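Below are two complexes that have chain A in common, paired first with chain B and then with chain C.
Moving on, here comes the complex of A and B:
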């Protein structure tokens, strides 16, 4: 079945669109709203967005595949993004990524079978002073070590 | 062009003083002056993109090199396209472009007409410093009925994407992913499906998009090319016909291998449609190359057939019975040929039964393809020929000599129907470039030339009169219709002095301009 926005999201989408001189200019904020509602932007959501913005689905796909914050597949309940850029790597991010891979038994880019965790490696979260660091959904965790990771994951429902 | 007079300004490129229109880019100014600046992503039909960065030039007073394609000219600007810094930058850009390029030129269909290959030979010649593995991408994506995409050869100039956005508006291709993974592709297997897809092959500067119709048929450097007019609809698109002249000791299966657009902004811009591009087989296939003599009266040479025709026509003429002659014309004939038919049959012989048999109209699109499936319907309608409504009974009634140009009547009536109607006509002559079902119904079939083999002018649907000349020699015994008509007129000798200067198409055209108002008022 093709997805439809909830009344609340639909209202927000329409409002965002009204802020721009051209409908298609609202593509990125609409994608964020859409992802918040459906958890992903797959073919069906692309069609929905394209329809609202009066553009072709291919134009939505171009943006979706360009931006790493837009997901084509649904992420787990908790999306863990570990920085692997310079500062974090110097502070031992590599070991932590391996530790997370073993602990969750998945590779970066994968989701656990129970859909609880997704693991990604990212380039620089802009928090080098807390290196090594990671994000779980929209929360930052810095000065990480294995013990701290165990504790963070244990605290998540 | 806008009514306001655009301001002209003066610039210098490589020390050469130029006067250019304000608002043009440095690259356009250079190209207009015949100065070549390497470029891959720039195409005159689209706004500049600036993604290939091959057109970097030095502009006096600017701290860095600038992109010629997107830098507008300014009065007094001094540009250098050959300085050491510029050539060094070109070399560096080529190194970037070639880092991820497969370098499979020996098996690439584009080799020989690839801009990347050309530029490497002009400005590159470096040893590869790239030690890493090249990115693996799709090598053979079917993106359209006749199109194959090789993502590894693609340099991401986005000309194809911009064509589908700006010209057809269909947007079948997009640019997906990011960085080194970026690639052109179709969406969810929906192929490029419009009547202009073949142009993507032409505008692809490298071998990323190749044409299944042309791919691996021949190497493009063997081909000769000649300008012509596409006769497959009424638009009169300007084309280049690319043909194989053959090898000395090795026969090639056909002459024409490829049709491409020839730039003309009054007609087709930079493009042609797929209908015109891929239906070129009529030039080489099913051609009538010999005279067919079904009467077995030794009508086996042009001379004998024309003498035979002359006798028949003259007899009726002297008996004042030229109403028993019927002529079936077609708007596949050139203006000059239709003019000669008017002069000889309508004026000299007072023939009334002149009909027009055209191919049935086809689909049109909103760009170039017209519903008319012949190149000269406008010319035929402006020639002052009194065409009778096409009716087999009226055509055959009391007719003794039938002269038929082309076999398009088969599209209007079943062959059996035609046979029944014209069976009783004493003399039936068909002039046709192709073998058709009508051959067995005729006394004589005369082989004639296709547009690519003869000279003349055609009037397109907009009324533009365009000349064309032969790209290659006529097949077999084929002769152009205008020549046959002039020879016949001379033999009839009704007005010998009028026809004797008609040794080529030019004097016929001049006479036509004088006599037919429509052509006289044209430029």
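Moving on, here comes the complex of A and C:
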């Protein structure tokens, strides 16, 4: 069945479209809203977005494949993104990435079978003073070590 | 000495709220500016020699002057809050602690140029900051610093937030425009420059968050005051982002021209655990690396250029003796090969080829000619690409392979 926006999201989508002189300019914000509601932008959501913005589904697809924060497949409940850029690497990110791979038994880019965790390595998160750091969904965690990672993951339901 | 001008509200309780901002003198610059002739504002910004804080260091006043005055089309302002340059986190501090300072700067620039619609392009990861900025905007609307007929001046301005979605190239100004128009962030060929043909084919001003946040004080205290804070051709203070192997990583606001050595040893407390310095990247990941005997350099655009590096986003990353330089090279190469948008062949192929050679050095002894090959590939990118990312990748890679050749040769056959 093709997806439909909840009334609340639909209202937000319409509001955000009004911010731009051209409808299609709202593509990124609409993709964010759509992903928040459906967890992913697969073919069905692409069609929905294209329909709302009066553009071709291929235009949506181009954006979906270009922007790394937009996902074609649903992520785990918690998306762990560990920074692998310089300051974090200098402060030990490499060891922590290996630790998370072992702990979750997945490689970066994968999701645990119970769909609880996805793991990614990402470029600088703009929090280098807290290196090494990571994001879980949209929350930042800095000054990490193995013990702190254990604690953070234990606290996630 | 550390100068608290831009950062004077950092650490003050609830500094992100408009009441606190107003109590501490906020929005006075807008009140003053709205009574001024827009041309006078332009003159003031020009005379301040405020150079862009996003990386390229272009004089903000000169850029404003490029925007055509009498046009039928609407004009736009984009605040560049993409903050993608690795090592940089100062805009995050500004937007977290003092969102109204940015908004105030945006209002003044918009009034100066005759702009009625502005966007803040903020990196997607800063979701919480975007939400807080949204609240700040609505506070500003409530008090009529935004919206229709601002403070009865007859001037209207709307500001919207546009969240990115994880692509470094969207920090490049024309990539940003493409992204704002709902497309992939492929940089455009320049000229035409955005000031003439930018967002939706209309004249557009694009400035970094920190650049815009400097505008209120330029208006309130005047260009001369601003120049005196820094250097004659590079006015004001800068917020340095310091990270890596230092005792006290963080942001430090210092006059433009403060010595790199002081920033590392005085402000950031020197190296962690008494480690020894191996190298410093002084201006974000794209800046050529400096060796310990090169850090006695004033941190301004011209001095760093003379020293063979660049000030960029003023992000200092400190590397200690124990770290293999190959790791640094790999991180840089991983980053650029991942973030190249792929439009130009030298950048796409060059970066991925360099990356393959470097990764091979981790698995097996490299060939004798590997380093020269890296140098050749990097040189081939330099100046031959559509946007500056080609250079941004080539320069640090060249500087590393040249300055640390001896260490890197231990990974190759002799």
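What we mean here is this: the second predicted complex is superposed on the first by the 157 of 157 C-alpha atoms of A that agree within 3 Å, B and C clash if a C-alpha of one lies under 4 Å from a C-alpha of the other, contacts with A are read in each partner's own complex, and residues count from 1 in each chain.
Going forward, a residue touches a chain if its C-beta (ideal position, glycine included) is under 8 Å from a C-beta of that chain, and two chains touch if they have at least 3 such contacts.
This is a predicted model, so every value here is computed, not measured.
With both structures placed on the common chain, the touch criterion links A:31 to chain C but leaves chain B unconnected. Contacts of A:21 after superposition on the shared chain: chain C is touched, whereas chain B is not.
Contacts of A:115 after superposition: neither chain B nor chain C is touched.
Of the two partners chain B and chain C, it is C that touches the larger number of chain A residues. When both complexes are overlaid on chain A, the residue A:62 reaches chain B and chain C alike.
In the superposition on chain A, no contact is made by A:73 with either chain B or chain C.
Of the two partner chains, chain C is the only one touched by A:89; chain B is not.
Residues 59, 62, 66, 68 of chain A lie at the contact with chain B in one complex and at the contact with chain C in the other. Of all the residues in chain A, the ones that touch chain B in their complex are 43, 56-59, 61-62, 65-66, 68. Contacts from chain B toward chain A in the complex involve residues 171-178, 186-188.
Against chain C, in their complex, chain A makes its touches with residues 19-22, 24-29, 31-32, 53, 55, 59, 62-63, 66-70, 84-87, 89-91, 122-131, 135, 138-139.
Residues 74, 83-89, 91-92, 117, 123-128, 160, 162-168, 179-185, 200, 241-245, 249-251, 281, 285, 315, 317, 319-320, 323, 327-328, 331-332, 334-335, 338-339 of chain C are the ones that touch chain A when the two sit in their complex.
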